Structures are given as C-alpha cells and as structure tokens.
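Listed next: structures, encoded as structure tokens.
The two complexes that follow have chain A in common; it is paired with chain B in the first and with chain C in the second.
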Partner chain A sequence: MNRQDQLLDGFYRRDTYSPRVQDMYPRDQPSAFAGVDPVAHTQSPIVTGTSVIALKFQGGVMMAADTLASYGSLARFRDVERLHKLTDTAVLGSTGDVSDYQHVQHMMERLMIREDYHNDGHKLAPPHLFEYLRNVMYHRRSKNDPLWNRFVLAGHHNNTSFLGYVDLQGTTYQSDTIATGFGAHLAQPLLRKAVESRGGPQNVTEEDAIKIIEDCMRVLFYRDARSLNKFQRATIATDRLEITEPYSVDTEWAFAESIRGYGV
Partner chain B sequence: MFRNQYDSDISVWSPQGRLHQVEYALEAVKQGSAAVGLRSKTHAVLVAVKRTPGDLASYQKKMIRIDDHMGVAIAGLTSDARVLSNYMRTEAMRSKMLYNRPLPIGRIVSALADKAQVNTQNYGGRPYGVGLLVIGQDETGPHLFECSPSGNNFEYYAMAIGARGQSAKTYLERHYEQFAEASLEDLVHHGLQALKATLQQDKKLDTDNASVAFVGENQKFTVLEGEALTSYLARLGSTDAPAAAAAPADVAPMETE
Partner chain C sequence: MADGISAPIEHRYSPYTDNGGTILAIAGEDFCVIAGDTRQSEGYSINTRYAPKVFKMSNNSVLANSGFHADGVTLAKQLDQRIQESTGEWYRHAHEKDMSTPAFAQLLATTLYGKRFFPYYTFSIVGGLDKEGKGCVYGYDPVGSFERYTCRAAGSAQNLIQPFLDSQVGITAVNRAEQLSLVSVIRIVKDAFTSATERDIYTGDFIEMFIITQEGVETQLHPLKRD
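After this line comes the complex of A and B, so read on.
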C-alpha cells in the first residue's frame, strides 16, 4: 500500500461497484507490467455532496440541496452551492463528487456558449440538456471512468415542467418527484405521499411545495449524518428562475435530554 | 471550348472580379428541372417536375427526405445532391442522438453553405453542381431556404430554382402576399401553378412527372407522387392559370444576392 492508499483506506465510504485496481494487480508478484502502474481512474468519490430533492408543482418545479461538501465523514466545506443555473429555464442539482460536478458545470457552460454563438433564436430546452448530460454520463461510465454523481435536472420551458435524474451509470428516469442519496430513502416517500395525496403535481401550489421541501430537508438534517441545516432552494416556473440564498429551517432537539447516551 | 482564359480552375479570378467556375456551377443548377418552394405561417411546400431520359426509363426523383421535420428538392447534379443530403441526414441524426432535438433548419443550411463555400476556394476542387430548396419545421416555425453551389444561402417566402425557374419566380412574386395565410391545399396549388409556368409549351404536369412535398407543425415531411396527386392536378387543370404566361424575356433575372 502506498501512502495515498493508506490515507484512503477505511477513511471513505467506498462504493462496491468494482474491486480497486490495486487489489486486482498485487504489486509483490512478478508481472509483465512490473514497474508500470496500471491506469487507475476514479474509483470512489472524494469530496461529496449529499441529497438533492425535487418535485413538480402547479406551473413549475422546485429543487433543494444543502451547501455541505463532505470529505469522507468530515464536514469539510460548508458553503458549496450544489444547485447550478444552466439556462433561464433549467437548474442542475448534484449529489456525489464535487470536483466531477464542477467539471460538468464547466462542460455545460461551454455547451451554452457554443449554443449562444449561433444567435438564431434556438435554445437548448431542459429535455435537450438532459439528453446531452445522459450521453456524457453514459460515455464516461463506458470508458470505465465515471463522473461520480447523481444529477437532478429541473426545468420549465414553454409551460412544460421537466424533472429528470441521471447517475454515474447513465441510468435515467423522469418523475414528478425525485430524491438522490440519503434522500432517496428518507425524502422520496414523503415527497410522493405529499404529491399523490393531493392528486398530482397540478394540485400542489407553490406554497405547498415550499412546505414539502422544507419538511423533507428538516428530516434529512435530523437523520443524514452528512447533511447540513443550510440549504438552497430553486424554483423554476413560467418566466421565473430563482435560487434562494442558503437558509435554515427550525429544528427541535429538546427530546435529546430524555434519551440516555444522546449528548450530555 | 473555354469561355475565356480565366476559367481553367476554381480559385483564379478574372480581371472583372468573377470566379468563372463558380458561375458555371450555378449554370448546372439552371440545367436541372425546376423545383419550387413556398411557405405559409403553418406549412412549407416543395413542388418539382421530374425528368426521364426516355419512355423506357423511370423518372429521376427530385425530393429527398432528410428527417421527419425536414426535406429537400434538388436541381442539378443528382449525385452531388445525394452527397449533400447524406450529410444532412447524418447531422439530423446526430442532433437527435446528442440532444434529442430535431436539427434546426437554419443551422444545417449554414453548415451546408460552409461546405459549398470550401469548394469554391480550394485548388483542384470543384463546386457542387446542385441547388437545393430546403424546407423544414422547427421550434421557430416552418422555413424555406435555398442553397446554391456558390455558398450563398437565403431564407425565402417563396423561391424557384432550375430550368425556366424565372417563370415560376414571376408567378411567385405576383402571388406571394397570399401565401402566409394560405391553407396547405392552396399552398400546393400555388406551387403547382408556379411550376406549370416553367414547362415547355407542349409539356403538361401529370401523375408521372409531378412531385409534391410538404411539412408543418403537426405534419411530418411527406412526399406525394403518382396517383396521390390526382386531386391536386385536377384542380390545377380546372383553374385558368394566369401564371401560364411566362415572364417577358426582357426582364432581368432576379439576383440571389
């Protein structure tokens, strides 16, 4: 084990997609590749963001993500914006590796500049951006060098809402509600219940949506150890795209006193 | 054999400031049979007259579908048209695969013009010998463009290319104000009347030699030929076509620049 491996070993949550290259080619055995390190692409995320949650409502889409970038279990960066405005009608939210996310930000920015140069009235609508991102993600997983993210793309264009998910394997789906990371377990059921009990997104008002999102973010902060009570919320509706400054929700910890072993 | 000493290759200027080889290529377009394009607020239409080398041969097709939302009519060298339409199909497929977006018409026309222009500037090459009328429907509505071997491209309300295309243009110039609000049927009818004006005295439009294509917002690119044209041709026959009068010979040809 080299020094970097020692640093990494056991320190990060390592996903179980594949054995590490180091494990497949033991260094102490004679090999035709002796002295030559195999090419090793990203095999685990380093600095990571946790859940992104999103839902459609009447006349728009809403998405939220907290501003924490964790270094393993360490809450390393507390002011990283994980919601990115792509166009006037689309927002991208990212779970997973922050550097890969920044790479995708730059890549999408280049795409937008290329598109604007045509200056012909054609714009990349949310479904077009989503397809492009899907292609990039699937291409990278096919090179065995995935971008370690789960993206949520939310948009509202020509009075049509779009909400789609694409991950490091290039898997996609579209839905009225989407949640990634821990949120897929904790928030998704809450989002679905909230939307379905109202009979669908067309019956969810913007006020409802804010309440639903904030309730989900509160639950996530209570139960996801990689989360932070400081998050941004994006609203994409007709002629409006707004990403809030980071803010917090009220939390209740009084119950802790009566639990043995919980705090003091 | 040569018109003058400055036309032996593509990149040599004449002292009058002309590129003769490019102008010859434009002549090749005029040798092809006529094609007419026109559009309304909802549809774009192409009509063309097909030629046959003789009674024993089939007619050479004039319409090429590029994608569900786009197609072209050609006048000039068919083989060059096949190269260009193949390129257009590739680009249309690329746009669908990469962005899930039908290729915007103006963009592919610009790309086509860039290809044509390169062939007017490189030593040893030759310009394409084909003119295209491109129709298509995209996010910004229906469109009609002309592409020529010189690398020029323009968007039009109505346009005609090919042999005696000037006669069709005269018809279009007289009637184009009605096109914007016209129905698809009326648009095709106008197109066929304009096309009729390009025919020689003893020739008629019939189900063998006529070709019609159209596209619109909720209308995939469709080519009509043969029996499908019967009703259109019947209507054409029953109208007194003022367009049948060809353009006066002393009228200067409309410049495409």
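After this line comes the complex of A and C, so read on.
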C-alpha cells in the first residue's frame, strides 16, 4: 500500500463514514435498501489515448499528441486525432478514454454555439474555457461518475499564453510545461530542462519548440509501448492557430541490436 | 471488467488524491502571518512549482488549504461567494459590514461539516484579526472540527514544523507570541519552510506569505529549494 492509499484508506472506507443500515433500522424489519445496489457509475477507460505534451515558447504555446487509440494493449485505431481546436485561440488535448473525450468535444461545441448566439462581440478566452472544463470534471468526479481523461488546454489570447491541466479528479494546475501519462515521467524532465536552461519560455523560439517537442515524441515512441510514431502538433500564437497533419520523426534502432536482457 | 482484459492505466478509481504541500499561520499581537508553499505534487511527480493554496478572501480573512487541491479550490470559491454582498446569503447587505474573521472561521466549520459524509479532503487554516484587532488563527480537520490557536501548521510537513513553532512561538496565547514582532515572526516562518523543504519532498519551490494587519493584507513570495 503506497502513501496515498494509506492516507485515503482511513478516510474513504465506506464503513467508517456512512451510517450503517443496521444502525438505522430495527433487526426484525426489512431494510428499505434491501435488494437495491448502491449507485455505482465508476467505470474504467476502454479505448485510450496516451501522452499529451505541451510547452510555452516566445509568443505562443505548442502541444503534441500521437494518433493512436489503444484497446488495452491492442493498437486498435491508428488515426484518431487527440488535439481539438476549441476556438481561434485554444486547443484541447486529451489523454485517457476516447469516448469521454468525444463527449467533451461535443459539449464544448454546444457551449461555443450558445456563446455565439449572444453575438455581443465577446469570445471565450482560454482561461474561461479552462474554468468551464474544470467545473465539468469536478462535478462528474463528485457524482462518482468521472470523465476518464487528463486534459491539456493550450491557448494564446491578447498576447498572453495559457497552458493548463485538468483531470478526472478535478485536479488543476498551470505551468510552462505540461506532460500527461507516460510523458509525465519521460518527457516532462526534458521539457523542463529545455525551458529552464534557456531562462524561461520567453527565450524559447518557435524553431526550438518544434525541435524540443519532436525530441520528446521520439523518446516517447522509443519507450511507451502504447504510443505511435505518427502525431500531430498544434501551435497557438498571435493571430495563428495551426494543427499539423499527422507526421513522423526519424528513429534509429541500430543500437538495439547489441542490447541483451536489461541492456547492461 | 471483461474476462482477461485489463485497463492499461488505472485500476481503481478514487475521487480523492493527495497533492501534498504545507501551510502554517502565526497570530501576533496586532497582526497575523499565514503562509504556504506553492508546490503541487501527485505521487512522486511535481505537477507545477506554482499552484497557490493560500487565498485572500474578500473580507480580509486568509484561507489556506492543504490536502486535495481540487477540493481546496472549490471550498475557497464557495466561501468567497458566500461572503460577497451580491450572492448567496447576502451577508454584507444583511449586516452592512464585512464578515469578521471569527465569523468566517465558524462559516468554514459549518461548510466542512455540511459535507460530513463526502468530505472536502482539506486540512485548512484561517488567519486574520479578531474584533479586538488581535491576530487570530483557526485550524481545522476535514470535517469541520476547529479550534483557535496561536500558531498552527498543517499538511505534508506538519510533523516537522509544528514542534518548531511550539518551541519558538509557544502553545498558549499568554506565552511568547504576544511579544514577537512581525519581523521575528516572518523569520520564523521562513526558517520553518526552509527546514521542512530539506526533508519533505512535497514541500518546496516558493513560500507565498500573507501578512494581515489593520492596514490590509500584504503578499510576499520567497524562493525555496526546487529539488
């Protein structure tokens, strides 16, 4: 049992928190709950996408995700786009359940239409979309019916870059670099090193950012067994939002020839 | 789950997680200092080096939350709406003044207990000035049990910091706290966090410090080790 489980165990065991049925009803009377199972929505992810990585650079944000949707260990769908353009200034990337992601895409689309109907000249900026998404995710986790995703929202609006994360538990944060899934372990250290060694995102050029992103995607393809060397890259900068067609990076496997066992 | 097929990333869902982090508050004679580190973690990963967990409320009370970050944010948001004049119970309209910090402390307890059977997983501290203008600190458990303290630490480095505060500030109000100047209290807060950062992996990056006096609330940001 890890530290987190130990902490939660004492707090969230049902028997310690809920009043017991036998305490509320006399023994000889039938329980009102007899034959009724407790509401249990929680599922598990079925068709899943792996890492999303993103970083801020001088005058914009860049994000990448591969196009694989896995069914367990099966590489089931190889052309699923996991970067979605929300507005002219924001892109949403998703790790985790693909059907939940499509549900969120649909929901955000309806939000956009509702907002457009006002026709008042106001646009939802990235922080607004992020707050909305956080509320949806936190609400679903509170119903014990989570949307099984880790979302990265990247945007650039009024010369301000936005990069935020929200997940199935409603946890949120913003940072200069974000990586989900395996990327949190393999790509995040590379992203942070790249940005911090240059003294911050304002010193990272767009060319740098492309190189950093592609290096990270290559490492992920080498080591993440649920990844694919076919990915899209989104750039959100002043007056420009572009999501590339899926493409690949060069790989070098010759070194693998000499590796035996654990490669010692 | 279907036979023989297992989910690749998560096996069990919990609506809670522990995002680490440490908070502390010290009440002085006519001031209060309340601070928290800004690191947000999950497991062995650092999510971000700057995620505020100390919030200035609109009535000049300051609320600090450690534990589950999403609950902390929700709690702060809900409370701030409740004490605003234009929403919820219209406290300011009804009373023609801002809610006092002791009243806010009671409101937080009630709010936490209101979710007794699906708790906000937060360990909270409230800092401010009481009606006499003296510094006041309130500490909570996740279901709303609370008490007024002279000094209080909570979160992942609580065990490291609280004994230090007890020795340097004193447990009861009649002890040294009344004599401590603002300068010494700020030094104690910084020492507490730099020490905790040495041993607690969930504490680090920055201290965000709020100093509450009659004049208002001042904010300071100090660097901590990032390892």
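In this section, the second predicted complex is superposed on the first by the 218 of 264 C-alpha atoms of A that agree within 3 Å, B and C clash if a C-alpha of one lies under 4 Å from a C-alpha of the other, contacts with A are read in each partner's own complex, and residues count from 1 in each chain.
Convention: a contact is a pair of C-beta atoms (placed from the backbone, for glycine too) under 8 Å apart; a residue touches a chain by one contact, two chains touch by 3 or more.
Everything numeric here is computed off the predicted structure, so don't read it as measured data.
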item: Partner chain(s) touched by A:His128 [first = chain B, second = chain C, both, neither]; value: first
item: Touched partner set for A:Gly93, first chain B, second chain C, both or neither; value: neither
item: First (chain B), second (chain C), both or neither touched by A:Ala184; value: second
item: Which of chain B and chain C A:Gly60 touches, first, second, both or neither; value: neither
item: Chain B versus chain C as contact partner of A:Pro201, first or second or both or neither; value: neither
item: Which superposed partner A:Gly155 touches (first chain B, second chain C, both, neither); value: neither
item: Chain C versus chain B, contacts on chain A by residue; value: C
item: Doubly contacted chain A residues - partners chain C and chain B; value: none
item: Of chain C, residues touching chain A in the complex; value: 1, 5-11, 13-19, 40, 42-43, 45, 47-51, 68-70, 73-74, 117-119, 121, 142
item: Residues on chain B engaged by chain A in the complex (per definition of touch); value: 97-101, 104, 106-107, 138-140
item: Chain C-facing residues of chain A, complex; value: 2-4, 7-8, 11-12, 17-18, 42, 44-46, 48, 70, 72-73, 96, 138, 141-142, 144, 146, 148, 165, 168-175, 181, 184-185, 188, 226
item: Chain A residues within the chain B interface of the complex; value: 118, 120-125, 127-128, 130-132, 135
